[in-house]
Amino acid sequence: MSDKPQPDRPDAPLRETATTFRPVAEGMEAHVNVYHPVLDHGFIAVKDYMGDDLSILQMARMSYGKGTKGLSDDRALLRYLMRHQHTSPFEGCVIKLHVKLPIFVMRQWVRHRTASLNEYSARYSILPDEFYMPAPELLAVQSKDNKQGRGDALSAEQSAEVLRILREDAERNFATYHKLLNADEDGNAIDEGAEGIARELARIGLPLSTYTQMYWQTNLHNLMHFLRLRADPHAQYEIRVFAEKMLDVMNDWVPVTTEAFRDYQLEAGRVSRMEIALLRDLLAGKATLADAERYGMTKREIREFQNRFGC
Amino acid sequence: MSDKPQPDRPDAPLRETATTFRPVAEGMEAHVNVYHPVLDHGFIAVKDYMGDDLSILQMARMSYGKGTKGLSDDRALLRYLMRHQHTSPFEGCVIKLHVKLPIFVMRQWVRHRTASLNEYSARYSILPDEFYMPAPELLAVQSKDNKQGRGDALSAEQSAEVLRILREDAERNFATYHKLLNADEDGNAIDEGAEGIARELARIGLPLSTYTQMYWQTNLHNLMHFLRLRADPHAQYEIRVFAEKMLDVMNDWVPVTTEAFRDYQLEAGRVSRMEIALLRDLLAGKATLADAERYGMTKREIREFQNRFGC
Amino acid sequence: MSDKPQPDRPDAPLRETATTFRPVAEGMEAHVNVYHPVLDHGFIAVKDYMGDDLSILQMARMSYGKGTKGLSDDRALLRYLMRHQHTSPFEGCVIKLHVKLPIFVMRQWVRHRTASLNEYSARYSILPDEFYMPAPELLAVQSKDNKQGRGDALSAEQSAEVLRILREDAERNFATYHKLLNADEDGNAIDEGAEGIARELARIGLPLSTYTQMYWQTNLHNLMHFLRLRADPHAQYEIRVFAEKMLDVMNDWVPVTTEAFRDYQLEAGRVSRMEIALLRDLLAGKATLADAERYGMTKREIREFQNRFGC
Amino acid sequence: MSDKPQPDRPDAPLRETATTFRPVAEGMEAHVNVYHPVLDHGFIAVKDYMGDDLSILQMARMSYGKGTKGLSDDRALLRYLMRHQHTSPFEGCVIKLHVKLPIFVMRQWVRHRTASLNEYSARYSILPDEFYMPAPELLAVQSKDNKQGRGDALSAEQSAEVLRILREDAERNFATYHKLLNADEDGNAIDEGAEGIARELARIGLPLSTYTQMYWQTNLHNLMHFLRLRADPHAQYEIRVFAEKMLDVMNDWVPVTTEAFRDYQLEAGRVSRMEIALLRDLLAGKATLADAERYGMTKREIREFQNRFGC
């Protein structure tokens, strides 16, 4: 699937320009109302935004008053804020997205409560016949060591068989949906003389792979929290691809913040009290890795320590 | 289905008593760890709670200091708080519920963001083979005048046919689920020599009627907001029955608050600027209902005004 | 004090225009970076905003899908959303304000938790010598019937005396502040050979009337909640004047929403279960106001009922 | 000042026991309704709580279903949750405190928005004549290298002089308060024939050191966030002493969680992308500290790296 911006969708407003006194983030303007495809039928599009790197600094400088003389350099101050988790200035930037996504992804997404959302209502309107089918190469067996992850990929034949079964089921569920509604996708009656059951009931048999859509809005502080969890390798692939596209958009929006976010959060890590003590002694030559258990670390913690610090 | 408390479920902790210095709500103690059935496979159970009618008053009295002399009567002060929407003292009461519910109900439930929740994870564990089937008498056609509601009930034959189709589809979806997992409900391999696909993928074909469960915790202020929306006749039946059971529990927990909640919120209403003006003139004999449109009310508003005030 | 926009303050960014693909609210653009004076030294200024009346509708229409055909008229749909408290589409609009206000007003302001804020830090920087002095005509005795309000105004002589005392105290407090800091307003040492005590300590003797400033950001849903409480006649005068100015700004930003807000919220009201029953019977000629107590209303409720409905 | 529990205050409810089916945290019961003194006139007291170490585990185990077999040990699972920042199970524990504190501390405290609070209202009631005076040994000059901190302590004479000035000012402000109110601390008129000005106005000249009080309630997840910021050496001393007392209480309430909190949060730290790279190379002998700047670290970051890792 091509990752380059599609032409606007038919139902999207035209990209018209207007004049404003507000701060404008040049890199973000290129995204407004442009629909980026994600997964087989999904997308994300920026509908609106507020703020940029400079407006974060403006808020921070007001707080500190004349006390920020020592950090007169913009990049240095932004990195200082990120490093010390002075989060409130980042709340001043806001992003509003239009997202189309499978319901099982939506269910993970809404766990992030500090956001505003409006979702398509299947009580009011009929859901389109769209459901998610994984690309064949994504199908994998249950991971042995990661309770919530994937292991080895399936063979081409196995994948084809799994997808055939999933597709057949989903198509049958949608056929049932329309039969119960007595309506096709456009709401036209199938049997003119009959009535369909209530939309709120007819949809209960649809699969979790069904696509829904929403407007989702959050501030930059909460967006970064979302990305820390969802752009992480432990996140399910199907939400991670949305997060990765959002990280790209963020980079065009607030490039200095995004660089600092990578350095101090996304590609950074925590070290426990025990790891700090161990690192001190390793660096001072007072301990070797064989002593790690003495510091109160579990086998799993020691393994992860080794992976991170390459020792 | 019987509405009386079931014996505790096997996995529920024993109902053991302990001694505490904390406020105790006698009526609520009878609910702790008792599982109340809701719908065909669902339940709600109080796992813990904090506060009672008196603790709401204690918070309010601390705020107002000696300024509450005029409202020395407990019931009067509680009703005053409710009437004037002094909501913060109600936040001091907290309830923690264990709830089992269909996923399409869960999706409505989580729209209430000011709550804490932990849901069963289908990435970690296999979902039991339980899905919601409406009672036959609940099946109804789409309402004509309520975009999101139900109209006339189906005939017995129609209901039976709808349920047969829904059940068949759901059973097929669950069969697929186990086939893809290569595991039965208890996690035992079906084909010992084969591997199943990842749980996070196998579940995407399950229907929205599948049961999930969660711990859900909120404070009394937010609980009342939930009940205003979800114990309302416009709420979908399948969430309303949960809300109604919660309202019963609330009444046993904080009876004076619940009475005030009914009087000033649940069975109360709003009157618009136009309705206030119309009511003044109706009562003064300066207008009749025929004049309503002159006050800026729409036809729908006039109809609802008539329904409420019986004129 | 003149209420017309002051010229931009020296530290305000120039009002420069740029081109954007985002929605633009024409009436709001006139406010961006314009400082409106409030009280003797305070102000509010719009620093940024997001959304307009149309973007609220766009979010609502996405939710309801094709189910909104019946409300194709923009104004009718917006009023419907407001009337039925479908609040989430209003969360899509955001406003960021720069506010300068006395600390005792700030303490009321921050009770609204669903907002982002950055306040000037008196640990980092020296507070300017600015404190609030009420206009003489605002000074009033404690209200007898309103526990938290003002009664009759003072005489001119009494006012002058009160202000003299308040001013003298505040000036003395600020003199102490600078003495302890060993620094003037610009941070220059008073006694070159001495050191001042820590800023975080020196400020503890400043009065609650001291001015502070902040960036404050909230969405339109929460702004309306703020205005319902703070533009209300029961709010303290000194926060109400800020709220009233914000209501003016809101009217220029989202005029159709503001009209609906007035009709269904600000100038609307609640009627209790008892009031609904009484109104039904009054309109049907089955009761007179003398019967009100029989409906379970208190004397205070009856008095307020009479005030509202003029009977 | 003695740190051991004072006898209950006269206005505190008797410590009476009752029987409950709820989880009980033995160590916490000893704190319920016991008032711990903090600063010269302040206190904190636990009024109510919900949950314990085991109830956190119960929530986590429900989420993971049978997927937690590998972490059957209670302590191991709690530490796993803390280490991986699986925060939602900690939200299931709630604490309600009664706190008396100076207003300038309150203003820092309320920056934590995810909590419920009810504060004493100076619009309704008269504030007692209580203001904070730092202990003489706490008085210190402004720190040179920490913009928001304290440096060297004052001499005994300097301290005495500073306290004399602060006390004189505060006493004068309270005298003005009573004069304007025409009321003593108990609300009795000073001049029977005269009226006082409104309480909401009379208080604007009181100092930021004035004591106020509140009920404050938050869940354990948010409490830990509060403690991370406020039990930190960079926090102002006057809020830190409250945080430290709360940490003691937390340790009696949820001891296993508190141990994990210290190990993975309070005494742990973050390492940036650059620090991880540097540590890898230091441990592999491929770099020395002299190379740190090449990794993109600032001088300040290098200094802090050295302090932490002792090299």
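General observations
Order of writing sets the labels: A, B, C and D. Residues in every chain begin at 1.
Assume a contact is a pair of C-beta atoms (placed from the backbone, for glycine too) under 8 Å apart; a residue touches a chain by one contact, two chains touch by 3 or more.
Predicted model only: the values in this text are computed from it and were never measured.
Comparing the chain pairs A-C and B-C, the larger number of C-beta pairs in contact belongs to A-C.
Taking each chain's centre as the average of its CA atoms, subunit B and subunit C sit 34 Å apart.
With centres set at the average Cα position, the gap from subunit C to subunit D is 29 Å. Taking the mean of the C-alpha atoms as each chain's centre, subunit A and subunit C sit 35 Å apart.
Touching two or more other chains at once are residues 64, 67, 121, 124, 147-148 of subunit A. Arrangement of the chains shown, judged by which pairs touch: all-to-all, with no pair of chains left without contact.
For subunit B in complex with subunit C, the residues that touch the partner chain are 64, 67, 70, 76, 83, 147-148, 262-264, 267-276, 279-280, 282-284, 296, 298, 301, 308-311. The touching residues of subunit B, counted against subunit A in their complex, run 102-104, 106-107, 110-111, 113-114, 121, 123-124, 132, 134, 138-143, 147-152, 154, 162, 165-166, 169-170, 172-173, 176, 179-181, 195-201, 203-210, 236.
Those residues of subunit A that touch subunit C in the shared complex are 13, 15-24, 29, 32-33, 47-51, 55, 58-60, 62-68, 88-89, 91-92, 94, 96, 98, 116-121, 124-126, 187, 213-215, 217, 219.
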